[in-house]
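Got some structures for you, see below.
Both of the next two complexes hold chain A, though its partner changes from chain B to chain C.
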Partner chain A sequence: MSYTGKVLRVNLDTGDVTKEPLNQDWAEKYFGGRGLGIKYLYEELKEGIDPLSSANKLILTTGPFTGTVVPCSGRLTFAAKSPATGTMLDSSIGGRFATQLKFAGYDVLIIEGQAENPACLVINDDRVEIRDATYLWGKGIFETESQLGEELGRESGVLSIGPAGEKLVSIACIGSEYYRQAARGGIGAVMGSKKLKAIVCSGSKDVTVPDMPGLLKLVKRLIWEDVLTDTNLGIYTDGTPQIVDMSNSAGVLPTRNFQDGVFEGASKINAESIRRLKPRKKACPACALGCGNYIRIGDNAVEGPEYETLALVGSNCGVDDIEAIIKFNAECDDVGIDTISAGNIVGFAMEMTERGIKDFGIRFGDIETYLKMPRLIGCQEGMGEELSRGVRYLAQKYGGIEFAMETKGLELPGYDPRGSWSMGLAYATANRGGCHMGGFPIGDEAFGDIDPFTIEGKAKLTIDAQHYNMIKFSLVLCDFWAVSLETMSELISCVRGREISVAELEKAAERIWNIGRLFNVREGFKAGEDTLPDRIFKDPLKSGAPAGRVLPRDQFDAMLQEYYQLRGWDNNGAPTPEKLKELEM
Partner chain B sequence: MKLVLDTERCTGCGICELVCSAVKGGVFNPKMACLKIHSGYEKGDLVVGGEFCDLCLECVETCPTGAIMSENGSLSVDQESCSECGLCVDACPYGIIHLSSSGKLLICDRCGGSPECVSWCPHEAIKKEESAT
Partner chain C sequence: MVVRIRMHGALARHFAGEGADSGNGMAITFPQKKVSVAQIFNRLRIPVEVVGFVAINGVRAAKDTWVTDEDEIAIFPLVTGG
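Right after this comes the complex of A and B.
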């Protein structure tokens, strides 16, 4: 119940469209979203495939709450092998696509193969068509979405790529409802490699649950007592920009390619400066919070900028001009690239230039050149062609490896690990590379009341944070609802029609973490790749609480070893047979 | 009673539509809700709007069996007398009357005076106004 029980499979090599039953055993063990997507990916992908070949798959998953009134349940998850890292990749997106897919009658959509010509997949309940999209090829995400909305109805859910996805740029994103993105790991390049410009979905079927009165009673209480609380409501009033001041105070706000963790211009790019632009609020389906800050300045509109963009595109590039950040953000959204990686790449190029290692013609705070970057990178024009290959590629080719801020090839998000040692462990062990969504231990640590400059207890803290996110993102609840495991257990029990305890959820979370790890182990990833950039180990931060601090390499190694041990993995970071047996994998 | 939308407060979350279909039809399906909310970007602008029953009474006039009634500023339906002909569904200018898959007529009856869409709206965007009689 609450699942439709159906998987839609579209093969772009052959044009075949098939509907098959959802694997109920996997849905029991991995729920939906991230867990279910990675399980399907692990089972269906062959080892060692080229992520940009026909053998990769683009797997879209909803969750057990999608389409219901369960708070913050409207997101969609993608899974594929990442062209940026070669690891497993999951990436999620807001907007209305997920609910439309569920109302059309599908829990999962699997896209295989590669179309010969640019294609658009159109789903209307049982009717599924692969249409020609040659006329859209080359267009930005905004124009693509606008045109498809006019043709197929503005109420549909639309996913599309921009020129960057078409050109297989490894930092290409997928956009939806103009201003929302599944951004990381090159998920847009996977879609582009399939010559799939867009997916449009509209559904009109019912979503049912076993105990409607019970669910309504539970959810109504939760909305008022658990969602619309002072803690959560910061997401409504300010959204993620509220993190700028927190990060700057903790000394972990990436500044000038992570040379510093305190930015002198922070007060110009914080929540207050965004509030002055009078954003309008936009929510995803079934979200009582509504984090979207719709801002338009002249020709540039964004939902945001989100914290990660403010940090990487702002302070990390030495830019404190909020209008310039918004313009950069809007260009990234339209051309279809990830702002986190783009901000890292530009920051890296700036430092390379300033240090005289390689002249990319751009320096910290040079707004004029900076604003040209998203289009150059996304369209691979001029120096953008090289830059689009990411920080790891640039460092290997031109030097600067000690300040190439990436893990497993994925550029780092906006929390400097020298001021949050647990976050260093979270980045190093995240299955998709340098990522803050695998686990967010900094919330309790540098942003909470745990000493950030010790490794004591950090392996456990990080594992708990990772498991919390795994279960939340596999039930497909939004990051921004600080929901407890107990509440998640109550909700899933109500929707499944049988008791699912917190212990059962925790076991599933560990299983979901391990399936991601198994994917990477199968791809040949080893312990040595669970690491951080040299700068984190060697180059002390300059300001604020972490001034003079690094994350000492021997301390990091000890923390990592403890982490492997607690996870029941061998010294090479691979899950042991005993652990897999315990997790019924 | 009239229902009105404050388009500045509405975030487009659609909880009202989900709850309406759940309470009246026993399923989640925004297309079966007795109100409609639009929230989306058009030509680079966020456009928000809603459609509610405004007691135009097209449905009452169209109903061949007299199953739909208007009294005390609200509609009501006698499911027993409803022949499921669907004429009211077509007649409603806002497309907010539906026949559920089990043949129940879904119509905005203001939930007997305490509209669920009003009490569920997390940002007080839907308000009820008592019409002056």
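Right after this comes the complex of A and C.
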């Protein structure tokens, strides 16, 4: 129920298009979105494949609520093997594509192989075409989207890559509706390796639920009592920029390549400074929150900048000029690169230059050179060719490994683990590498009322936060809705037509976390890779609440061992046979 | 004693009235020499469940932290992700 029951499979090697039944057992156990995507990936990918080869697959999944009136259910999830890290990768995006895919009659879209020439996949209900896209190759995401909108109608959902994806840049993203991105782990490079410039989808079918009056009644109540309420206030007013002041006060705002956690220019890049630019609100389908801050300054428009961009592209590069950050953000969106990784790379290059280790010709706060970076990196021009390979590559080649801020090869998001020890554990254990979407324990800890400078209870806190996100992102509900497990249970029970308890959801969450880990174990990942950059263990933060603090390595190791034990994994961070049996995997 | 209180994010509009400028905040006078963060919540009728955390003079504080004359209190809402 609420699934279309169909998977669309497109092979770009052969041009074959097939429609097959959705694996109902997997949908039952992994729901949709992240869980279902990673399950398909795990089952269909061979061990050790090159992520940029024809053997990798780009898997797009919707969820059990996509296309219904359930609030905040409009997102789409991608899964593939990551070209940035070699781990499993999931990455999600807002906009209307997911609902259009469901209306076209598909829960899942699997793209295999590699086209010979640039291609555009066009889906209109049962009609699926692979069209030539040579004329779009080389164009930025904005122009590509405008042109496809003109040709195929602006109501369609469009996903596309920019020059960065085409050039297989390991931080390339996929963009949609100009200003939204599935950004992390190089998902855009996977699409580029398939020579797939864009996917356009429109649908006219229905999504059915077993009890429509019941669902409408439930959703009406939730919107008033659980969505447009105090618990979500921050998101439907300011959106994520509100986190700048919080992070700065907690001393965890990455500043000058994580050399500090307090930025003297924070008040110039916070929510108030964005409010002064008079943003307009944008929302995904079925969303009452409308988190998007649409801002246009001259030729540059963005939705945001979001907190992660303000932190990594702003304070982490020593930049407090909000208009420069917006311009940098817009350039990243157009060439198609991830702002989190881009901000880290530029910050790292700045520190390398200032320390005299390698002169990249850019220093903290040098806005003129900084603004050239997105295009140089995305198009692999000049020094951008090397920078586009990411922080790990640069550190291995030139040094600075102790302040290369990445985990498993993925550059860190905007919360310094020295001021939030649980977030350190969340980064270290995240299956796709340094990532804040695997779990967000800082919300209860440094941003809540739990002591950030102890390891006591942190393994459990982190696991609970990871499981909460696994449920949310596999039901495909937006991160920004502070929805309870009980409400998620109520919603999925209503849509499935049978009671699904919180306990059942929690078990599914654990299963979903473990399938991601199994993928990585099969690829040869071991416990030693569940770690953090040396700077976190050795360099004390300078300012604010965490001044003088590191996350001591022995404490981190103890926290990690407790984490493995609680997860029922062995000392190498691999799930034990007993655990897998318990989870019916 | 007088403390200056800045409500961040949507808390500003919600508790200080539409259009309130959280940049300047509001000055609140207490008869005591010091009060706890929890007492400030009580005085302003801020439901604890909507508060993420509190900073005093820019540094994260707990609910039982004491606030004294001329302190600046920043109150942040809950967040679910960045």
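Quick note on the criterion: the second predicted complex is superposed on the first by the 585 of 585 C-alpha atoms of A that agree within 3 Å, B and C clash if a C-alpha of one lies under 4 Å from a C-alpha of the other, contacts with A are read in each partner's own complex, and residues count from 1 in each chain.
Criterion: a contact is a pair of C-beta atoms (placed from the backbone, for glycine too) under 8 Å apart; a residue touches a chain by one contact, two chains touch by 3 or more.
From a predicted model like this one, the values you see are computed outputs, not experimental measurements.
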**Asked** After the match on chain A, would you call chain B and chain C a fit or a clash?
**Response** fit
**Request:** Applying the touch criterion given at the start, work out whether A:Pro533 contacts chain B, chain C, both or neither, answering first, second, both or neither.
**Result:** neither
**Request:** Pick one for A:Pro51: touches chain B only (first), chain C only (second), both, or neither.
**Result:** neither
**Item:** Contacts of A:Ala301 with chain B and chain C, given as first, second, both or neither
**Value:** first
**Request:** In the overlay, answer first, second, both or neither for which of chain B and chain C A:Gly105 touches.
**Result:** neither
**Asked** If you stack the two complexes on chain A, which partner ends up touching A:Thr68: first (chain B), second (chain C), both, or neither?
**Response** first
**Message:** Which partner chains sit in contact with A:Gly424 here, chain B, chain C, both or neither? Use first/second/both/neither.
**Reply:** neither
**Shortest CA-CA distance between chain B and chain C [superposed frame, angstrom]** = 15
**Asked** Do any residues of chain A touch both chain B and chain C, and if so, which are they?
**Response** 236
**Message:** Considering only the defined contacts, which chain A positions touch chain C in the complex?
**Reply:** 230-238, 240, 242-243, 245-246, 248-251, 262, 271-272, 306-308, 311, 413-415, 436-437, 440, 443, 446-449, 479-482, 544-545
**Item:** Residue ranges of chain C in contact with chain A within the complex
**Value:** 8-11, 13-14, 22-23, 47, 49-50, 52-53, 55, 58-60, 62-63, 74, 76-82
**Request:** Show which residues of chain A lie in contact with chain B when the two form their complex.
**Result:** 67-69, 103, 142, 146, 149, 154-155, 177-179, 204-209, 212, 216, 220, 223, 227-228, 236, 280-290, 292, 294, 296, 301
**Complete:** Within the complex, chain A is touched by chain B residues 8, 11-15, 18-19, 22-23, 25-32, 38-46, 101, 120, 122-123
